[in-house]
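Could you have a look at this structure, given as structure tokens, before my questions?
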Amino acid sequence: MMNRLLMTGAAGGLGTQMRTRLKHLAPTIRLSDIVEVTDPQAHEEVVTCDLGDKDAVEELVKGCDGIVHFGGVATEHPWDPICNANISGLVYLYEAARKHGHPRIMFASSNHAVGFHPQNKVIDNTVYPQPDGLYGVSKVFGEALANAYHSKFGIETAIVRIGSCFPKPTDHRMLSTWLSYDDLAGLIGRIFDVPRLGCPIIYGVSNNTASFWDNRQVKWMGWQPKDNAEDYRAEVDAAKSKPAKDAPEVLWIGGAYTADKIHE
Amino acid sequence: MMNRLLMTGAAGGLGTQMRTRLKHLAPTIRLSDIVEVTDPQAHEEVVTCDLGDKDAVEELVKGCDGIVHFGGVATEHPWDPICNANISGLVYLYEAARKHGHPRIMFASSNHAVGFHPQNKVIDNTVYPQPDGLYGVSKVFGEALANAYHSKFGIETAIVRIGSCFPKPTDHRMLSTWLSYDDLAGLIGRIFDVPRLGCPIIYGVSNNTASFWDNRQVKWMGWQPKDNAEDYRAEVDAAKSKPAKDAPEVLWIGGAYTADKIHE
Amino acid sequence: MMNRLLMTGAAGGLGTQMRTRLKHLAPTIRLSDIVEVTDPQAHEEVVTCDLGDKDAVEELVKGCDGIVHFGGVATEHPWDPICNANISGLVYLYEAARKHGHPRIMFASSNHAVGFHPQNKVIDNTVYPQPDGLYGVSKVFGEALANAYHSKFGIETAIVRIGSCFPKPTDHRMLSTWLSYDDLAGLIGRIFDVPRLGCPIIYGVSNNTASFWDNRQVKWMGWQPKDNAEDYRAEVDAAKSKPAKDAPEVLWIGGAYTADKIHE
Amino acid sequence: MMNRLLMTGAAGGLGTQMRTRLKHLAPTIRLSDIVEVTDPQAHEEVVTCDLGDKDAVEELVKGCDGIVHFGGVATEHPWDPICNANISGLVYLYEAARKHGHPRIMFASSNHAVGFHPQNKVIDNTVYPQPDGLYGVSKVFGEALANAYHSKFGIETAIVRIGSCFPKPTDHRMLSTWLSYDDLAGLIGRIFDVPRLGCPIIYGVSNNTASFWDNRQVKWMGWQPKDNAEDYRAEVDAAKSKPAKDAPEVLWIGGAYTADKIHE
Amino acid sequence: MMNRLLMTGAAGGLGTQMRTRLKHLAPTIRLSDIVEVTDPQAHEEVVTCDLGDKDAVEELVKGCDGIVHFGGVATEHPWDPICNANISGLVYLYEAARKHGHPRIMFASSNHAVGFHPQNKVIDNTVYPQPDGLYGVSKVFGEALANAYHSKFGIETAIVRIGSCFPKPTDHRMLSTWLSYDDLAGLIGRIFDVPRLGCPIIYGVSNNTASFWDNRQVKWMGWQPKDNAEDYRAEVDAAKSKPAKDAPEVLWIGGAYTADKIHE
Amino acid sequence: MMNRLLMTGAAGGLGTQMRTRLKHLAPTIRLSDIVEVTDPQAHEEVVTCDLGDKDAVEELVKGCDGIVHFGGVATEHPWDPICNANISGLVYLYEAARKHGHPRIMFASSNHAVGFHPQNKVIDNTVYPQPDGLYGVSKVFGEALANAYHSKFGIETAIVRIGSCFPKPTDHRMLSTWLSYDDLAGLIGRIFDVPRLGCPIIYGVSNNTASFWDNRQVKWMGWQPKDNAEDYRAEVDAAKSKPAKDAPEVLWIGGAYTADKIHE
């Protein structure tokens, strides 16, 4: 069991959900975000930190033996904030990890790292990245960095290409990409439990009938998601009209991101 | 035929060699570097430019219908210069290309993008990247960026994972990785000649008997390198003692880079 | 939702079963066969039509926005009827579809298109066809035609390689190849529901424990068959003696068809 | 050595060229075409024959122990002539072969059987067909028929996907697809010389630097083409302007055929 | 149904468990071991036999139409006993099978035939063997022998790479490798029931969530294991401390065997 | 450079040829065979040794820093001599190597380790073995042993699946499988020259046009065979009648061995 688990991006959507679900992983959870994390509990330490601040990141990481890294920009953005948090910020995080005890890391990559693969071809974790914008490119950067720090220094990272992590699927694409909060929590649990992690790529997706991702290569981790977006198909059909057959939402894994402009 | 070809990094090793070899590609060659490019010829325009200067890069690219991008840091370095030139600088270059005519680009990636693949397994251009340091990670970033700008905007890039481009091979690893200047020039010629380029990954390596790279997937480009590092084996054997069987120089594609420290 | 769904071969085994199961797919179902379709319901239009009659087929297709194509010869036959209905008839059908609104098509291909693949090697939908007779060859023709009309004109077809679609499995090979009527109906429902179909090949087989087909590549469609031939193993064992280890029934996917003579 | 070799389509382009080059394969060469074959030599028998005439085809095949089948429609055409010669005609040919001694067959398939594969991905002979029109579909039919007659009756066929067989390459696509007459003759020589042929698929292409086809899987046949379209690149560049990067000529293997209309 | 089933190694762990579970497979079960098999039942014949005794093995096999071969050394040992029982003994067994009716054989191979494949890469039955000691090498020998006798003489063998067959999983590696007795019995039942067996390689593993073996290629056999080691994870976690991330128990499929010395 | 190279089987066909060709590899060559090696030169040490004699083998290996292992039975034989020399003898050799300095080893495996792969499918070094008799099985054993000693103890072996090593090809199969003496010598030179060998499988075959083996995966070794069996095709055609299309000589890689009886 870990002594102190760091969760970055703790004030964001996933961070907020995981705070309660992951408290069994360590007696102390250190929560950080660029905005203040509210309502700290007895077992929680709160640190407000800009990932682009190298020294602050080093302080943040020191003393932690596990990191759940949700921090950084989580949607398409102009270059500067992406470069600050997702690019340089990640280098600072891994440098801190290298200097301070080699904590195991869960890195929140994204389906947008492979957003320009077509939806109608099931892919596994060996495909070459095809990002769908600057955000996706920053996630490919992060995967590469994690990979290098594993090969070079033995720091273990689970690269999780998160699909659509929301309370429930709310459009047709999410019937394939949905990841329930409980399944994400289950996955993070496995990541910090397996004796040897290495640096695997895992699609963060529930047990959806209509998934276009194949996690067979990481079956050895023992993660079996339990929720299924199919249970919400009727609800989605009722709420949303079906996309046209040539809409980005049905052509590419990354959906609307693939058609998004560059944010200048 | 192009009207104006931009070559970045023109004062560097490869740039200097290619200035003479590529002059047939366009009536005007625009040469840029962060240091001054010396001895300009009648057909050459010289622009001194820091790739980290967004506006300067936009000016640099404007009016060019082809780019040979050697610019940026070309060996392992501390993070700041890598981030400035290889990361942000590349974003500025592609943004400029997007705004100004979608010139075709030759992007000098590196074998260090796959530096942690073992030498004794022949790989092709479909493998997942395994970079060997911050420099290698910056090249994976560049490949991903090129890929996204092709998928999203149709900008064509030849991603060339350059091996060891020197006058001749001078150590045992280079008997596999050597790329002669003439073969590089031949490759660049093909890149700007094929009617449709797309965004292929090409190993920049001569016709070496002992190559560990397989370019079969890009045979359609019609590039056939002519030089062979094998012709220099006796010379290398005479000049250099053989590495031990567990030396980084013979274990990994990236050679000594894999054992290199992070430059803080 | 479609306005009018055409079902060819509606008087045959599968057509009869699907009439009741597919009525929710469109307010009007047009039923056609070379023999008269009996007992039309209020929501059904009946058209008697020889698929080898080009003009009649064009009339048949006009006004339909979906086609379930069971029509044509469904077992090994002499060449003339195969050529008339399965070859020329299919060309007429696709030409009509091209001229009249590009309806989405479910094409009933057959396991006999891959009948000479061995049973003891699980195959997916990327294998090269190995048909087991003139009927199987006609199905390979149909798959190729559907493919060409998709690439060239964007007409979407689900190519369904139907296994053994009967009330229940009645011999040992069907323990692998059985497709229940309900599972077929469920598949057809998905085919006309997915926003983007493309031109996938799907093995039409229930969720049989002993299947030798792998539908993983079309998991994105969200089809999950529910029946399992294994539930009938004891019944089959009781009713049928086991085939010899070198019998066509156990050697090849196509079973007895592989040993069948050409029908002159 | 064979006693009598049948060559169909003998009055066509390839037939005319092969008459002189293949005369060493058998003491008697039987030449057939739908038009009269002119100027028969002492070792040649001439038979005028419509492939759609079943009885005539049976007579034609009788007594031959090898067949070079160039006959039938060789470019995109309306359906009726394709069906007559390439579909029914081929069934008659194989039925005749089955009844009369199982002669070994060279079947002239075409690159148009895989015409909708992209040019910038090197393919081998295991890919699923993607034909580019009715002509291409007829070639997929022929491949399937040859395959079935091999699996079922042991009749051996070399399926040759002929590229562009002309005196020399005359456009940019042919720099990849050109097959010289001498190389075709050499291939046919090997086909009738190997002790065991089976039913392989062979890309009929010269030793072109810029080929997008990979014949590695049939290296065991011992065919090594000698000509190289690259020798004509300068000539093609001088004679033809380069296609645009989104022209069918550079996008797809089948070139202009992919954009061709259906011939009604 | 068989008349007489031979089970070798019948006094060992697996043999003892299978005696009761397999009695429905044949009216007579012949049990053999190098030590005496105790407590024979009415339907059981007991033969004490050293597998290294060629004549005794021939007698043993005679009259049996099925063999479950658990016999021989089942853990790492010095060379002489391995050579006697697992190497020569197996040759004698297959020679006897060749001479006496070609009984179908279940050969107990082992995960140690692939013990040096890493645990964090899911493998199927097509991988090249990587044994982890002399015992593992003897199992590769056995697989090769079974394969040759199938290719040459048609003797069918199911090569079962048994994981960890015990009452329940008792360490972390077994959460991946556990095979329950009931699942083994179910597998053996299928092996002797399928009409055509051939010579497949099957991973002998229960339906474990954390399995690193993929049996998809033998799905056609219709075996569906029912037990899941995951049900015992809490129990294992409570009883055993987790291995270090670089311990042989978590690095390699073969676990501690990979670090075992050669038994001189 | 090595100090002392051991060559076993030195009185055999290959040994005799290699004695003169390999003398540059070490100042002292130790030659051993079960029969006396004749005519020793000044740089040669001769040791008569039965590989089945464990102590003698240990003495033989001591003091050598490289081993070319041609020793043992080299064709199909009864079990006892195969077991003595190829099985136990090889264990003794590797045990001696483990105890005495871990010399690098060239292990003469054989095409008969994959003899039941079909000739008309080009294979590389990743295929699962399919031996064609007891001799072939002994070679699979040897490959597995070499593999285990590499994984476990770091002893490097080049596993060379020798084709047909004779002065020239003398039958049709050898047009594919021939290995010239000079090419074998060149390969052995590379094996002892590469800084890191590992444990690769190499097909020992000349640069034959009609090869059915693909050595691409070991291109990194820098071995380029120079001879080509094709130069002898006319000679073979003149001397030998062609095999029937269903003869073992043309069906299987192992040729006539596949049809050979077991030597009792």
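Each chain gets a letter, A, B, C, D, E and F, in the order it is written, and its residues are counted from 1.
One rule holds for everything that comes next: a contact is a pair of C-beta atoms (placed from the backbone, for glycine too) under 8 Å apart; a residue touches a chain by one contact, two chains touch by 3 or more.
It should be emphasised that the depicted structure is a prediction, and the values quoted were computed from it without experimental measurement.
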Problem - Equivalent interface positions on chain E and chain F, same or different at half - result: same
Exercise for the section: Would you kindly tell me how far, in whole Å, the mean C-alpha position of chain F lies from that of chain A? Expected result: 51
Problem - Whole-Å gap separating chain A and chain E, where each centre is the average of the chain's CA atoms - result: 42
Handout entry: Contacts with two or more other chains, residues of chain F listed in rising order
Key = none
Exercise for the section: Specify the contact topology among the chains shown, as one of line, ring, star, complete or other. Expected result: other
Handout entry: Pairs of chains in contact (touch as defined earlier), listed by label
Key = A-B, A-C, A-E, B-D, B-F, C-D, C-E, D-F, E-F
Handout entry: Touching residues (chain side chain D, partner chain F) in the complex
Key = 156, 195-198, 200, 216-224
Completion exercise
chain B residues touching chain A in their complex are 79, 83, 87-88, 91, 95, 98, 116, 126-134, 136-137, 140-141, 144-145, 147-148, 151-152, 201, 258, 262, 264
Completion exercise
In their shared complex, chain A is touched by residues of chain E numbered 119-122, 172, 175-176, 209-212, 214, 230, 233, 242-247, 249-251
